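You will see two complexes here that share chain A, one where it goes with chain B and one where it goes with chain C.
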Partner chain A sequence: MKRILVIDDAATVRLYHREILEQAGFAVIEAINGLEALEKLEMEGPFDLYLVDINMPKLDGYGFLKALREKDIPQAPAIMISTESSPRDREAALVAGANLYVVKPIRPEQLLPQVRGLLGEGHPS
Partner chain B sequence: MNPLLDQFISESRDAIQSIGERLMQLENTPDDHELMDELFRLVHTLKGNSGLFDFPEMTRVLHGAEDLMDTVRDGRLGYSRSLADQLLEAMDFVSGLLDEILAGGDGNLPADAERTAAATALTHSLRQLITTRAGPADPETLAADPLTAPIPATPSPADAPANVTSPLAQIPETARMDACRRIFQGQPCSWLSYQPEEECFFKGEDPFHQITQLPAPLWRRISAREPWPSPDTLDAYRCLLHFESIVPMDLQELTDHFRYIPDQVELTALEPAMLAIPIGDDHDGIPTADYLQTATAHLRSGNHEGLIQASRLLLELSSPGLRVASALRWLLLVLETRPDDVPLLQQLLDNIHPGVAVGDDADTAIPAAPSPPVTGAQGMADPIVGIIETQAEILALNDTPPWLSGRLQAVAASLRAAFTLQGQLKRLEGLDEALQTAITRHTSVPLAHWLAEHVPASASASAPVTEPATTDSPAPIPSGIAAGAGETRKFGRRMEDAYAGPSAIKVDQAKIDRLMNLIGEMIVAKNALPYLAARAEDVFGVRELAREIKGQYGTINRIADEMQDAIMQVRLLPVSFVFQRFPRLVRDTAQKLGKEVRLVLEGESTEADKNVIESLADPLVHILRNSLDHGLETPDERRAAGKPVAGRLAISARSESDRVVIEIADDGRGIDPAMIRRKAYEKGIIDEQALERLTDQEALNLVFAPGFSTASQVSDLSGRGVGMDVVRTAVARVNGSIDLNSRPGAGTRLRLSLPLSMAVTNVMIIVSASQRFGVSMDAVAETVRVAQADIQRIKHQMTTVLRGRVVPLVALNDLLALDEAQIPNEDGEMAVVVVRIENDLLGIMVDDCRETVDIILKPLAGFLGNLRGYAGSALLGDGSVLLVLNPRELL
Partner chain C sequence: MALKKGQPTPPSHHPGERREPRNLETLLQTLLDEDAMKRRWAARDLAEHPAAAVALITRLKHETDATVLQVIITSLGCIANDVAIGGLIDCLYSEHALLRNTAIEVLKELPGPVAPHMGELLHNPDPDVRIFAVNVLESLRHPQVEEWLLEVILRDEHVNVCATAVDLLGEVGSPQSRDALRTLKQRFPEEPYIQFAADLALKRIGAG
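And now, the complex of A and B:
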């Protein structure tokens, strides 16, 4: 089973993603901020996909992605999830190491094909 | 209710709570950037979460709040009281919605016009704060700012025609006739004019998506609100579009569709009369006079056939581009479908009257076809194509950060996955080599080249919005083939044994209460064992068994104690649970009273049992209100008295052995004992004698007397017919005590002392008139034996001297009206339980004092509830009932 690390400080959002992803047959591991995500990475990583929120306390999504990409581990795709659809934010996410930039609110029918696409698994739609 | 909604509500409540706290903190340190960041993030999270559900009003208000906090965070707007007020109001609104959602139970929020209006107003005032304070000073620029533009209310159908006539007239006649026919057939049609905010793209709105989500329109036009600037100055992210459309929907559905942005749309339910606007050139050469005469006559007499014939005749004579012809076509349409709509027919005939220009100038000719489709930034393109394009975009980034190698590997992994999913494994040839070269040379170029070769369609890599490239039909393939999947397992555990559980769980209070009740029963049940042991020995004469039972009792006793302790720990709450409401309460109340108050909270982390903490809430609120209302002076009075303008109100909590002590102190005007005496006398609480005899402290304590209220006028805040006696009763109910200190002019201090826990009570068993009673150990100061010779009578009062202090004595049998004398022991000594009531000692003579036991006190119920001399009853281990005395009430 592919393991997805969901990083978001909002418990509601984590639960939301967990439900979508688990129903689709993925394993979900949660982290409440970038720092905890790095700890999880150390303990249980690497993961097959990262779902990263931008705005988080302690270490934000950009910070996490940069740290992840600097690590000498097998690199997996990351989806940056944001509330801002501005091109500036999008570019910053791609620079930091995201492989996709998705704007909230996220609907399952939108997220799942992208997750599957980045995992190379299942039918895309 | 579904767990997601549960989670949402609980997280939202926490967030709202924190927002309130942060705002209060910000009031003291308005430049604390960390606090602002945190505030912003809280609001941001709240908004993001609400977007997962269909609560448009909530999202709207939170969006406004988020934008406002963003402005503050950026330093474009300073923190101010009114800003805090607005935000707090917004949070109250959201809080109210949460209540509604919770009450609904099914997670739905039925539409409610009032609520929508409130949300709109609230959002508007939030936005106004942003623009009035942060906006540029130039009034013209201000006017151009869409945020300041007055938000037009959705037009009601009554005033709609005037608004709509001119835009509708520009719609091609065929489209309007189409709509009209539909309406005649009973299908609703509405007019939509939608002008998205200029910054809408930055708010995650997608106007084109909004429009395409609607059913196929009968007509649609997308135009620019101002002339397009030249390409080099064009700001592609500023939305200047204006959407106009006739949509086959009724107004309600349409309003619903745009409920998130009601201020950006004008919606009108269409009626035939609005659509039937003849347009075209005027021409004098048409013999309309005769026709009009005939037609009017036919209309009056109801001769539809005649009217149709006459109209057709004139239509054939007229050139189709003329306004007359247009009017006739409309007339015929109405005659075919609704011949009895006389007012509409008359309206059309009036248009034929020569010289009347209604259809405006024909120069504003309508573009026949709508503008070419605008592609949404997040188009509905194939997700795989989107992934590949984004990777191309990443490879085109012109930078070399330290994490470049990681980035390239992630891009390669993404591409590998995408191609795999497309079933294009052969395309993957060379990817690894390209990746290696790229990493070695520390540049994206080799990988970008590889991608360009393998996906020609997206060679123009840098374009963020590209038309979807044609791709081969994606064929699902077994996931096992996924290239590279195996190598990522170098380290790390398998997921099955790596479930990350939360370190804290939330438990329903009722479950903890149940646990507490059970352990309470257990403690009482275990008390039966010593009785059993005694019976084994005395009645059955098996001493061996008695000893074993006692041994077993020791073990059970220890476990039960530990269990009780553990459950107590779970039930402990910090007093901040109650304190956290105070900053807001004090702030609002002080504002209402026009006073300035500095609130100081201390010892918020002091813990006590949940029940104790909860029972504190109301008395504390009452005390605070009293302090604010009666204690603290207005700024002017304070200035005159030489005090700092802002009053100080301090609430502190600390633990003292097994009790929690809470002090509420203000530096206000204090309480004047003379005034208390006078009032108490006026109200008949004390008699003339007492008036003179009472010490100042005793006088102060009169505020706790029932029926006493210090305020000469009942005020809106504290005077609710609830006096300090209610506070004292509430505190006494949890075995607490309260005392009051005050110095006129210097301030007042109230001290509450409460037990840490009140689930299990330790009582002493006493015997009097051959009956057993209990007295709470909290009240017992000591037990002594007093020789009968040492009991003196002063007037009618028995007293004795204990360590140099005169203590009044009463016989329990007298207090309980039991007709028996107290029995001394063999040495002629009386057993005396010395109890402390407030700060006074009182000796209660009993026949004997026995052991102390832990009991669960049950208040007396029903008619017995009126017996105020008893705190309640408890079941003893031997099955008998123990009545527990309440010394304070006994006297």
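And now, the complex of A and C:
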């Protein structure tokens, strides 16, 4: 079963993503910010995909992705999720190492094809 | 070389140890030093000088070291006068995520000084700024928090602003939020996240 690390400081958002992804057959692990995500990475090894919010306390999504990409581990895909829709934010996310930049609100019918596509189970929409 | 008995021990200077005086003028000069460690010390010590608020805010626009940025924002939070609060609020408009997020964390701890600005922030034309304002409410210990959140979910037309507010209402909402949460669901019937979060909030409040 593919493991996805969901990183978001909002508990409701994490639960929402968990329900969508688990119903689709993925295993979900949660982190409340980038710092905790790095700790989970150390403890539980690399994940198959990272779903990353941008704005989080302690270590934001950009900081997490930068640290992730600097680690000597397989470069699993990362989807950066944000409320911000400007081209500037999208570009910053991609520069930081995101494979996809998705603007909230997240809909299951949009998210799942993107996740499966990045995991090699289809094509990202 | 052995020291002679009775000879004063020479002052030990550890790497990064401060030798500069801590008066306002010197600290303001050090805030512009090329050495990031010195700027960080100066920014920290300037927290005791309310008159330094303008200089700290000005430095924010040019500072490139992340740790110095964080210390400057923390010092502005310690000063917490009108100038400092204005500078922290301006960070919500920044394109710099670290700057924004650090300012949000500091503003959360300042309910008194932040409260007078909240109405204006929640009506800002930029939805991102309104979202950051709701983020500030997350742990702002102020009696109006629920009232502000209810206003957002009843009035704001941007789904992501409402989504951020409903997340928080699930944690701090009381039974008086029930009707507004049901209204929110009707306002965004096609948004799965709003339906999910509002249902969860209603369940937590005890009206599921």
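In this text, the second predicted complex is superposed on the first by the 121 of 125 C-alpha atoms of A that agree within 3 Å, B and C clash if a C-alpha of one lies under 4 Å from a C-alpha of the other, contacts with A are read in each partner's own complex, and residues count from 1 in each chain.
Please note the rule applied: a residue touches a chain if its C-beta (ideal position, glycine included) is under 8 Å from a C-beta of that chain, and two chains touch if they have at least 3 such contacts.
It should be emphasised that the depicted structure is a prediction, and the values quoted were computed from it without experimental measurement.
Peer 1: More residues of chain A are touched by which chain, chain B or chain C?
Peer 2: Between chain B and chain C, the winner on chain A residue contacts is B.
Peer 1: State whether A:108 touches chain B only (first), chain C only (second), both chains, or neither.
Peer 2: After superposition on chain A, A:108 lies in contact with chain C alone.
Peer 1: Once chain A of both complexes is superposed, is A:83 in touch with chain B (first), chain C (second), both, or neither?
Peer 2: A:83: touches chain B and chain C.
Peer 1: Check the residue A:30 against both partner chains and state whether it touches chain B (first), chain C (second), both, or neither.
Peer 2: After superposition on chain A, A:30 lies in contact with chain B alone.
Peer 1: Considering only the touch criterion stated at the top, classify A:40 as touching first (chain B), second (chain C), both, or neither.
Peer 2: First partner only, chain B.
Peer 1: Once the structures are superposed on A, label A:13 by its partner contacts, choosing first (chain B), second (chain C), both or neither.
Peer 2: Touch status of A:13: both partners.
Peer 1: If you stack the two complexes on chain A, which partner ends up touching A:63: first (chain B), second (chain C), both, or neither?
Peer 2: The answer is second: A:63 touches chain C but not chain B.
Peer 1: Taking the two structures together, which residues of chain A meet both chain B and chain C?
Peer 2: Shared contact residues on chain A: 10-13, 15-16, 19, 55-57, 83-84, 104-105.
Peer 1: Would you pull the chain A residues touching chain C in the complex into a rising list?
Peer 2: 10-13, 15-16, 19, 54-57, 60-63, 83-84, 88, 92, 104-108
Peer 1: Chain A touches which residues of chain B in the complex?
Peer 2: Residues 3-4, 7-8, 11-12, 38, 41, 44-45, 47-49, 51-52, 201-204, 206, 237, 377-378, 382-384, 386-387, 390-391, 393-394, 397, 399, 401-403, 405-407, 409-411, 413-414, 416-421, 464, 474, 476, 479, 482-483, 485, 487-488, 490, 492-493, 495, 498, 500.
Peer 1: Going by the contact rule set out above, which residues of chain C touch chain A in the complex?
Peer 2: 95, 97-98, 100-101, 104-105, 127-128, 131-132, 135, 159-160, 163-164, 166-167, 170-171, 191-194, 196-197, 200-201
Peer 1: Please give the residue numbers of chain A that touch chain B in the complex, ascending.
Peer 2: That would be residues 1, 3, 9-13, 15-16, 19, 27, 29-30, 40, 44-46, 48, 55-57, 66, 68-71, 74-78, 83-87, 90-91, 94-95, 97, 99-101, 103-105, 113-114, 116-125 of chain A.
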